[in-house]
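Two complexes come next, and they have one chain in common, chain A, joined by chain B in the first and chain C in the second.
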Partner chain A sequence: MTARSPILAEIRRSRITQAALLLTVLYCVVALAGPWLAPHDPTSMLAMPRRPPSERFWLGTDEIGRDLLSRLIHGARVAFTVAFLATAIGLLGGAVLGLIAAYFAGYIDSAIMRTMDILLAFPGLLLALAIIAILGPGLTNAMIAIGIGGIPEYARLMRGEVLSLLGRDHVLAARAMGASDLRVMWRHLIPFTVPTMLVYSTSQLARAVLTEAGLSYLGLGVEPPTASWGGMIATGQAHMLTTPMLAIAPGLAIMGLVFALNMLGDSLRDALDPHQRPVVGRQ
Partner chain B sequence: MALFIVRRLFGLIPVLLGVLAVAFAVTRLTPGDPAEIMGGLEATPEVIAAIRIDMGLDRPVPVQFLIYVGNVLQGDLGRSFYNGREVLGVMLEALPRTAWLAAVALAFTLGLGIPLGIVSALRKDSWVDFAARSFALVGVSAPPFFVGLLAILLFSSYVRWFPSYGSGTWRHVVLPGLALGLSSAGLVTRLTRSAMLEVLNENYIRTARAKGLRRRTVHYVHAFRNAAIPIVTITGLQLGSLLSGAVLTETVFAYPGIGRLLVRSIFERDFPMVQGLILLIALIYLVANLLTDLLYTAIDPRIKLR
Partner chain C sequence: MDRMPPAAAPPERPPLLTVEDLRMQFPLPRTSLRIGPRPVLTAVDGVSFAIRRGEVFSLVGESGSGKSTTGRAILRLPPPTAGRVTFDGRDLSQVRPAEMRRLRRRMQMIFQDPLASLNRRMTVDEIVAEPMDIHGLAAGRNRAARVRGLLERVGLKPAWGNRYPHEFSGGQLQRVGIARALAVEPDFIVADEPVSALDVSVQAQVINLLARLRRELGLTLLLIAHDLAVVRHLSDRVAVMYLGRLVEIADCDTLFAAPRHPYTRALLSAVPLPDPAAEARRRPILLEGEIPSPLAPPSGCRFRTRCWKAQALCAESAPTLRPLGPGSAAACHFPEPVGTEAVSAPAPPQPAPPQPAPPQPAPP
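And now, the complex of A and B:
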């Protein structure tokens, strides 16, 4: 990324982008340094259930006496792990398929893209639920399910990008000089698609965080006693009247992270392509 | 128009076959023998063998798939492992409740999203704009089940206006509809604002103003109608989000629609029901996308159906 990079320019220019980046980095630090930052073990019962905030337990204790703050911090690790790995599965799977479809065209293109159309017939969470119905609940399966759900959109995006690159002079020159298909793809196509794919991944991260939270809320994602924000809301729900903090704190944590990732994704997309503002419209 | 519809319907056939294959895979790829699951713990090997033959599991997989497709075309989606009832019957009982919920959610989505988006664009950079954009961002970032819980806390526990769970009256559907519609409303607000701002800079709007037309006519007849196309697209696509969101929202409010039925069926390993529901939701989504395409022409005659 050079000094004239539009992404760096956008970060310098927009305070909203800076705030979103700062918030995302803050969440990242909390997720990475979780074990050192968390004041207590997130799975140990340390005190009476549903204690109010105190000097020892800054946010109080949960429904079975575990430290709420420590569980929130460890929940960030789970959210990031699932979001990053699921997004990586979607990105790699979709990018490879989209690249092959665009490059080889013809029947291969039709076969891959029709398969993607089938996957796109399942709205968001439903595909993840169908995959979890097959694989069973759990952290790894949730990641796979969310990742596969992301593949079709990445494939479409990658296919579009590669199609627009195939007619460029440098690609034609490489082909004319006898470069192999693999070399053309690796050296002359993939590097040019990286910025767009990475920027799109930022908003996919937000979607993955929300889907993981949803699956864990339903009891089909991360399994107890591992701390996950969605699961914490599900167990805290029963005590909304007496101890609303149990559900509100993880809910706000999800909202903050999704907000930051969405804003960051929107800003970066604007920076790369001002015309491609499907939802954002930051005017 | 008729040709376009026929062509689109034919185009749906391979996608529908793929959707059927995914639904079929739910029972066939799941670890364990479906006949053993259906027979239960106390089934003898003879009973399991009989179930295998009855379900056609002794035949090659492609033949099983063809039998499954044939059965689906005849409206036979099998029987629930859980209570032995016909899957189609149970689904059709739950479907109107989810349709009702989705309609209320859509009303919140459009009723909040469009006016806020328009006002936000017309009063760009004012406090109204700031408030509308903040609402939109919060709406987009909040998980629907969390919004549902906050709505229960506020409107059900503190002020006791609406019940917090169940179904039966219009009051039961208000809070789930609000929770479900809010995130889509955020999206529609943002989109309406950006579409309106783009349109308001066009020459024909300047011409309309120069002709001395009333501001209201310029804004709502000339500007909004042209800004409506992306809004229709997003609203059509949002139906998918509403169906996904319904899974979560119905769970929060113990609302007996198809979303809650799906989650319950996954927990009960009631595969015929899961299979049927996946098929139903995908079908609704595909039809909604088709209707969205058709709506374009009604709004914008410049778009030619191809």
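And now, the complex of A and C:
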């Protein structure tokens, strides 16, 4: 990377990027410092159910008398954990498969990519549901399910990137030197795919947050007493007419995070993606 | 095309590299639903030659003549469709992949586009050291010293080693590419259009560098070029390619003084001369039309569609490369007689000026 980072330039340039970054950092802080920030224990019943906001319970209490704010804060941890780990699973799995498919071509390529096509044919949430039906519900399994659901897209992206790189002279030069396949991949292919893959993963974080919320809403994600935004909406919606806060607050939390992550992904793409950027003149 | 004996008198030692009946075909995607074999593009069609140790052997021809493909096929990048390449007595098609990787230490390549051929995420030090790392030749302080020595040898400041390729000019980058090729002390280098992507003013410097390295290190070089001035300055022997076949192969001086194949003669006549008087007398032979498609090459002699001497025989049978004199062979039914009017060949560039006299004068 050059000394003058394109990421810093993008942050300086765009107000939207600044806002998205601020919001994401805020969510991160809340997620990381959750146990210290939350005023109460998120799983104990501390008061009467569905109390309106008060000095002790800033957002009121939920349908069985737990502090809504504390549950929201703990829900952020769940959302982030799932989003990052699921994205990592998808990225690593997809990148490795795409790299192998493009590099070794032929039957290996066909076998991998046709399998990916089959996976792609399922809508993301449906695929995650099917995987959870096999693995059983729970935080870890939700992460794995969401991660696997992301693999085909990463694999396709990586395959395309590597195919275009394989025709380049520096890869040919590495082979001419006698470099092993592993060295060609590690030193001459993978580093060039990082910007594109990173940009795509950022945009996939938001998708993972949404899918996790969807699974938890259906009761297939995080197991109940643990707070998760999707689960909170599911239980809160029964009280929509009397205590709308129970469903609206986690809904807004999801919306804000997804919005921030999407904007951040777009900004990162503007800053990094070599395909969208005009070639910078060489000195 | 038939096998052909090396054009010149057999050398005392076996040649370092022999190429026999090399053929390179690329299957093309189907263009229709018709059932049958896929269309095949034959880029190189039965090329044979031998390169002696310490010799600079040039392949010249228009773009699309298959000269670069030949150079790459010799290094098995990718392996040829048919034919045999023997390097130092070993048939490369019989060598196992792991052994081939080790053999690559002895055969290196210099590329046309220096920026594209260098990994832009590695520093110059890393780039030059990589072949040594691959073949486990040097480590630690020894490795750093060798990189420094190589950079100096090609005329770069060793202090620049921690810079990235985009910080250099084209000529400097080509020097990095040359240093990388030299890093493993190869016996044989394929230089694929090493100067054609460079500014004319820089070309002379890089050519002089290659000439000097060749003198100092006794390199055996396969030079692929379309610039005849470059070829004449560096080569011992020259082979001319047209549409995937060798049409003439001769000692450099012989070829430039008395080309035997009409195509070679046309090529040489197209080069402007630095001497105004000679230039005024130069009568370029203008070839009609374009080089035909390698998908549907002409029958018989491939050059006949553009040849002013073509006759019925030329369409019927393909001429084979046959010796026509000492150090000269051409594939033509009606070769030019020796001593055809003084052929206008380019004069060699001024010997090694410190600042470049362009090797090829601008066309008037």
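Quick notes
The criterion applied here is as follows: the second predicted complex is superposed on the first by the 268 of 283 C-alpha atoms of A that agree within 3 Å, B and C clash if a C-alpha of one lies under 4 Å from a C-alpha of the other, contacts with A are read in each partner's own complex, and residues count from 1 in each chain.
Note that contacts are C-beta pairs under 8 Å (C-beta built on N, C-alpha and C of every residue); 3 or more make two chains touch, one makes a residue touch a chain.
Given the structure is predicted, the values throughout are model-derived calculations rather than measurements.
Partners chain B and chain C fit side by side in the overlay (superposition on chain A).
When the shared chain is aligned, chain B comes close enough to touch A:125, but chain C does not. In the overlay built on the shared chain, the residue A:114 is in contact with chain B alone; chain C does not reach it. Once the two complexes are laid over each other on the shared chain, residue contacts for A:217 go to chain B alone; chain C is not touched.
Which of chain B and chain C touches more residues of chain A is settled by the count: it is B.
When the two structures are aligned on the shared chain, A:187 is found in touch with chain C, with no touch to chain B. Contact with chain C, but none with chain B, is seen for A:169 once the two complexes are overlaid on the shared chain. Superposition on the common chain A brings chain B within a closest Cα-Cα distance of 9 Å of chain C. Within chain A, the residues touched by chain B in the first complex and by chain C in the second are 282-283. Within the complex formed with chain A, the chain B residues making contact are 14-15, 18-19, 21-23, 25-26, 29-31, 124, 137-138, 140-143, 145-146, 149-150, 152-153, 157, 187, 190-191, 193-195, 197, 230, 234, 239-241, 243-245, 247-248, 251-252, 262-263, 266-267, 271, 274, 278, 281-282, 285-286. Of all the residues in chain C, the ones that touch chain A in their complex are 72, 75, 77, 100-105, 108-109, 111-113, 116-122, 130-131, 134-135, 166-167, 177, 180, 184. Against chain C, in their complex, chain A makes its touches with residues 168-170, 172-180, 183, 187-188, 191-192, 282-283.
Only residues 114-115, 117-118, 121-126, 129-130, 132-134, 136, 206, 210, 213-214, 217-220, 230, 233, 237, 240-241, 244, 247-248, 251, 254-256, 258-259, 262-263, 277-283 of chain A touch chain B when the two sit together in their complex.
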